[in-house]
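In the two assemblies presented below, subunit A is common to both, partnered first by subunit B and then by subunit C.
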Partner chain A sequence: MKSNRLDHVLLVAAIAAAWQLLYLAAGPNVISSPAETLTRAVELLRTQAFWDNAANTGAAFGMASVLSITGGALVGLWLGLRQFAGDVADPILGALYSLPKITLYPIILLIFGLGISAKVAFGAIHGFFPIAIFTMNAARNVSPVYYRTARIMRLSPAATIVTVLAPAALPEIFAGIRIGLALTLLGTLIGELFASTSGLGFALIRATDIHAVPDITAITFLIFVFAACVNALLHAIELRVSHDG
Partner chain B sequence: MASLGAHISLSGVTKTFESHRDHPAIHALGPISLEVEPGEFFSVVGPSGCGKSTLLDVLSGLGKASAGTIEIDGAQVNGSVPDGVGAVFQQDASFLWLNVWDNVAFGLRRLGMDAAEIERRVRNALAFMGLTGFAKAFPAQLSGGMRQRVCIARTLVLEPRVLLLDEPFGALDQQTRLLMGDELLRLWRETGATVILITHALDEAAMLSDRVGVMSARPGCFIDIITTGWPRTRDSRIVAEAHFGSITSRLWATLREQSLRAISGN
Partner chain C sequence: MSARPHLSKVALTRILILLGALVTLELLCRTGIIDRVTMIPPSEMFVALWQIVESGQFKQDILFSTYNVAAASLLAIAAGFVFGAGLHAWPRARRVVSPLLSAYYAVPTFVFYPLLIVAFGTGRTALIVMGTIFGVVAMMVNTMLGLDRVPLAVSKTGAIMRLGPVRRLFLVRLPAAAPHLVTGIKLAVAYGVIGIIAGEFILATAGVGKRVSFAYDNFDNKTMYGMLLLLLIGVMLINGLLTIWEKRLHRRFGQR
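Take a look at the complex of A and B:
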């Protein structure tokens, strides 16, 4: 899966071209042109307000990520190691994963209020389920011969988990983390869009209220760039922990 | 890497798997009584499903015997792995996330041995198994035979007094198996370990072993134990000798009927 620089350039060029076409077709009341968006994005990057919002979203996303990774990995690992609990939890996790979590947002708001905690909680529940499901399956997929090897070497259960099971399952867990964090970001931003007093999602919805199309497009663009960077970073880590040599 | 082989004694060992939901109880093994001398190379052959691997499980302490006693150097094995037992399995058990050196050093590090001794033992084991040039390689970059060497080296550095091998070459091609057999003989001679090899390959058993135990179809019991009479310095070239042919034909004569029974399901 090696991609070269040319592929990346072509991809960016194709996106820009499609964007320009969309702009020509839909007009400036709907979307800004790539050039105008870039200019506006650079302007935004020079304002304090943008960085305040970005820091706010970043903090919420960071906390939600830590919660969904630790919670998802621990629960997934536990379920993966317990055959019966895993069999029971498997369909339940699947159902909760596919539940449209936006319907829970009013309840979350009632519990946590309008502050950052609601966004963190909402982001975390988006990421938690895929990470738990991937981790559970990763733990279940660990070859039985590893367990036998660990027992022949007389490793304690804790040492078996830390030195054999976890590293064996790590690549698959990381695939779950990559998907989970994409959803965590989604959850955090949705939280900001619907009910919040700060953050990039909030800035986006305020720009929509006053129909500032360049702002909408520029903020969307910057969020997109951020998400792509997070994904690329996680993908790079995933390749490093992969066992394919 | 000299270690003294352990004496293994089984007396009246049986294994029954309890009934579970729709599955009736299965009498898988025994009764088996057997003495394996220190430093002996003992192989077990038998029809598929006869309980060869179950025997290895209860012998190593990975599984618990339903009845009977198992002793390694006089100490009872009862469902927990005793000190000084090493095992290599048919499935690849090399740790994919560690390079060859770290794979081989794994057990020693867990024991908290000092770094200089770890380095010395790993270096020796790698040289012994012909892996010196591959210390930095990861298992994914190696062939099946090389990975199995890594697993053997990882067990070897722990200086086991009993080495249990559950069809370790089962997944390898014939030439590689013969050569691995030579290495196994060399390893056995130099370590002095007691070796128990489970195999379905009669030629492998005939070539490697001091004695070969032939098991019946389930419940597996020894129906014949053949002493090969090979010198300790043997290698794979003995497959050309007439005596080799007579051992394998005697093994097959005993095993043929059992295999038919196993296939027809009674």
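Take a look at the complex of A and C:
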């Protein structure tokens, strides 16, 4: 545990040192120094405009997450429990997962218009496929003995899902959710970068337009911190789930 | 092969579902339930694609994007392999950076693009650097995984045969690590495509992504859907070829 903490300190120090060197090499016209960025980030955190944008991105990310988790888990479970449907859908899901979703964004914009619903839809399709694929594989990988046991105990289909399938498949489903939500956040932010009227991605692209380097660096930094926190939280839940299971 | 009839039934159903989806979309567009401002019928998309290919009007953009994707992928693969092999050989450093590597794809790396534009301008360099940054870690992680999984017996056989370090690398360790290396290459190319196209989309002077976003801005749906279709076919082709290569290697080296 102790060396683990030392490792983390070393890692943060190494990143800060690399950043400072980059700053010294490239100059303030390209990137702000770590110290300046922290100062600017704290300043931004005190402004109402930043929190409005953050709330906007957060709302879009939240809705997209709910959509991709429920949709992905339901579709994945159904495909995982039906051998034939799963076999049919498997390569289609794989192809859609590996497709760069960015190509679909203009279509989504045309369907949903400029606004929060386009961002939500774009975030949700990023997260949906990995969650569906992981859930499907999780349901398929549950040992057949469990299903047979459930049948011997005459559990109803609902009871089988809740008491047998869910505990057995949950760790793998959670791994899918963690990957899916990371992609959902990426999708939401790319949506905001490309065409949007609010949100952190929009703030970032506006800062780029006026060449406000401290703002660009600080917003990028804050987005990273937020994403790392979401990831750490989901990772902790995942570890918990897999230990219990 | 008792699984054969089931398999062909599966494939048939899959084709029918995809065809059905295409026909439904065509009908929805033709009857005006989906209006033309939103989407043109799939048949017209193919016509638009054919016109784009035949007239060669976007040849420069297609070459621009292809070159960028190739450059970014090659850089990511080379750098990822070198860094991955280096970290594999230096476990202490690997322990320190491993949280960074595992969280790398959880953070939206793409938000670096504005900084890259500031640094390199809106040209080819910023795009290639973006694509490289996006893909390099996938290659690194898979290189380390591959080198980890080289079976001890294989390494020992190499030692017994008194191969030198170079020959041991090329004749023993790299082939044994090949399945993971190919997975890394596949991911690096996929991330390279996403990085380049997304960058061109958001801010660039040329490229397929730029043409699509320009057509979107001008309500030029014919060009937009034609280019999107071209992009989709290109990506699926590259991805399909790499997947076949990957599967073949995995089968050959007895992994799943």
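In this section, the second predicted complex is superposed on the first by the 239 of 245 C-alpha atoms of A that agree within 3 Å, B and C clash if a C-alpha of one lies under 4 Å from a C-alpha of the other, contacts with A are read in each partner's own complex, and residues count from 1 in each chain.
Definition applied: a contact is a pair of C-beta atoms (placed from the backbone, for glycine too) under 8 Å apart; a residue touches a chain by one contact, two chains touch by 3 or more.
Small disclaimer: the values here were computed from a predicted structure and weren't measured.
Contact with subunit C, but none with subunit B, is seen for A:A228 once the two complexes are overlaid on the shared chain. Shared-chain residue A:A168: touches subunit B; no touch with subunit C. Residue contacts after overlaying the shared chain place A:N29 against subunit C, while subunit B stays out of touching range. More residues of subunit A lie in touch with C than with the remaining chain of the pair subunit B and subunit C.
In the superposed model, A:F84 makes contact with subunit C only, not with subunit B.
By the touch criterion defined above, A:T149 lies against subunit B but remains apart from subunit C after alignment on the C-alpha atoms of chain A. In the superposed model, A:A159 makes contact with subunit B only, not with subunit C. Shared interface residues of subunit A, touching subunit B in one complex and subunit C in the other, do not exist. The part of subunit A that touches subunit C in the complex is made up of residues 7-8, 10-11, 14-15, 26, 29-31, 84, 87-89, 91-92, 95, 98-100, 102-107, 109-111, 178-179, 182, 185-186, 189-190, 193-194, 201, 204-205, 207-208, 211, 213, 216-217, 219-220, 223-224, 227-228, 230-232.
Put simply, subunit B touches subunit A in their complex at residues 60, 62, 81, 83, 85-87, 89, 91-93, 95-98, 106-107, 110, 137-141, 158. Only residues 6-7, 10, 13-14, 17-18, 37-39, 95-97, 99-100, 103, 105-108, 110-115, 117-119, 190, 193-194, 197-198, 201-203, 209, 212-213, 216, 221, 224, 228, 231-232, 235-236, 239 of subunit C touch subunit A when the two sit together in their complex. Of all residues in subunit A, those touching subunit B in their complex are 143-146, 148-149, 151-155, 159, 163-164, 167-168, 170, 241, 243-245.
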